[in-house]
Each structure stands twice: as C-alpha cells, then as structure tokens.
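All chains are identified by letter, namely A, B and C, in their written order; residue positions are counted from 1 within each chain.
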C-alpha cells in the first residue's frame, strides 16, 4: 500500500507545512536526503503540550505529542519529495523529551512517533533514532522531534 | 555576492580553525557533505560565555556566543571546501543551550547563529536546525553549535 | 592493519548486535552512509552504568560506559557494511552524558568512545562529534552514544 493510501486508511491528514520564517527553513533536500527542522507539537500555531513529562505531562500525552511532531515533520518532508509517496525510506529521528527529574521513559515517548511511521510506511518507516531527556525545550514544549528521510531517486 | 565578499562587507574575519587534537577532528568531508564538531564559544582558547542562559548569562550574550560558535564552525567547514566560497549550501545546525530552569528561548539564542549564516550566504545560508536546552555543557559553555554544510561538486 | 586485525590485537570482541524490536531499527544504510541508533551501555541486556555522572557515577566509569556504547554501535554498523573491514571511515559520534549539576567534563567522557575508534581504525577512526550533558536518559543510563560511519563503495 502506498503511504498516501495508508494515510487515508488511518484517517490521518497531514498538517499544512509552515512557511519559512526567519533565517532557517522547515526542510531542506540535499541529494536524496531530506532533513527537517526540530518540530514541537503545534495545532493552529499553539502548543498542544507543554511542561515536563513525568510531572506536568503524562506519558500518554507525550506520546501523542511526539506523534503530532513527526506528522508535522512528514508534511514538510513530503513537500521536498514531491508528495508523501516520494519518500522512499525514513532514515533517522531525533527525539528530545522535556523530562521531569527521574523520568526515564524517553523511548516510550519516542514510540508515539516511531509507531505511526511504520503504520504509514511499513518496513520503509523503520528508522534509527536517538531519544534523550532535556531540561528545557523551546516555548516549554513537552517534546521536540527532528527527522531525516530519503526521497526516491 | 560571493560569501567571501559578504564576509568582507560585514567586517567578519573567520577565526583560525583549531588543529586536530585527540581522537576526534574539527571537521570531516564525506562526499559533498561536510560535518563539523560541536563548537563552543572560544576566543584565543578561552570561553567567552559560561553558565546558564536565563540566569548567569543574558539572551543577548548567548546570541553573540552562538554567532561566535557558528563562525568557528564555518572556518572549519571552509577548510574542507577549498575556502568559504566552496560552500554551496548550509544544511543543518544543531544548537544546545545551557539553560537555566524556566529558560525557553532556545530559538532566539539559535537565531544569533542562523542570522549570520544568511547574512553571509543569502538564501544558501538557510538551513534546518534543532535547538534544545540542556542542563550542562562542556567546560560550562553557555552554548554549543554543530554544523553540516554541502560543498560545491 | 585491518580493523578486524586491530580488534584481535586489542582483545576486543564486538557484542552481538541486537535484533530489531518495535518500530525502529539498530542501524540503517543509505548510500554509503550507515547510521546507528543511540546506544546505552548494556551487557547481557542489563545496563552496566546508571545515574548521573559526577555524582552517582565516576568519570572513569562513564568513559568505560561510553566505550561500551560505541563498540555496540560498531557491531551494528559492521552488519550493514559486510563486516568491520567494510567500514571505511567513522564520520560522526553524538554523545549524551547524564550529567549531575556542575559536571562539565562531557568531552572526557566522550574520549572513552573516541579513543577506541582510533585504536581500531587508525586515522579512519577520527570523526566529528558533539558531546553534551542532559538531565535524564533512557532507563537512567549514564551515557548514550549515536554513530554515523561511511562504508566502502
């Protein structure tokens, strides 16, 4: 099944990619690699989850937020790949979790993003990742996700 | 305008790239990609800004420090590109901000580095980035910046 | 000397790479680049070092843990390169150190991983790196290391 068909079946609508503002861009393509800037969980320009995971925010909420981040990243990547079906392979995901002291379930948070990639792309959604805790994130976001994919030649 | 001309016009002199010491190197080229090690804000071998941004260090000082880091990174990248004009595109910047509790303006700190890239390279300076807070950095540096650029073929 | 010969001479046996579980994978190859997921210091599936470096864990123990992480990463990379001798160059290492307040020797921790790369690969082991402190890591690991290498064409 094509990724675009999986999206429909899953009832997922990718968000509208943001317009570039300032000196950096949402995504860039170099050769067949597409890199995407760190995404925080936004809906209509507002953060959907802030604060420290493990105290202010639950694991379940953080997983949803991570999923939202990576879908935003996919939307950006798709723009540089001629559409979602132009993405051949998800390569790498970096996950930064705004972590309360003692919170060590960063991999479970990251799974919220990893799992939806496999739902959409199947085996081509399996990627490498680094998931770590941090003490602060932009605008107090609960999670930030960056993405690298490979486009079809 | 060539990047080398922009540098002159802006009155920016890139620092001398450090010599490799130890088991890692300042920069490496693989294909047309040049990756640069995380840079901390040094002048004559001494840190120009230490401590936590938001308490020990101001936002404005951190922006200057981020700018200094990325200029050091550019100097290293230029060595692997046959000079600054051999850099075709800035691809990615990773920004780690030594953050006081409650400091969430990591993107504003990162702008100090992003903006100078666009001043030097124009559109070719626009890059993807991930900016996050961390609780500690090497030698108590206030900021650390890593860089990836693409060289001309 | 070939890396495989260096390993023997050094008395290093690479660990068995983990099987992929869940939605992400230990390593991925895209073109001649091999990327490896963030590794924590495991032996027989158990963490060898947990807690904050600088308080719960010593620098020396953290260096050994970083070495263990990168050897696990190499084992994964070797699988995608047709064996350790198929790795042409170590490109990048990302090192996240679970840091106690005031611990700023992340580069020394990272050296535990960087040094063994040069022992195994010689000059081809020299890489770029970013070493930072973080407040929490998965399962309370003391260190996490991610890796990128280039395979022979």
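As a working rule, contacts are C-beta pairs under 8 Å (C-beta built on N, C-alpha and C of every residue); 3 or more make two chains touch, one makes a residue touch a chain.
On a predicted model such as this, the values are computed, not experimentally measured, just so you know.
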Determine whether chain A and chain C, two copies of the same sequence, contact each other through the same residue numbers or different ones, counting it as same when over half of the numbers at the interface appear on both sides.
different
Just how much do you need to spin chain A so its Cα atoms sit on those of chain B, in degrees to the nearest 5?
120
So the centre of each chain is just the mean of its C-alpha atoms; given that, what is the distance between chain A and chain C in Å?
24
Junction residues of chain B, two or more chains touched
31, 134-135
Can you list the residues on chain C that touch chain A in the complex?
20, 22-28, 30-31, 35-38, 94, 96, 134-140, 144, 146
Residues of chain A touching chain C in their complex?
31-33, 89, 91-93, 97, 99, 101-107, 110-111, 114-115, 117-118, 125-135, 150
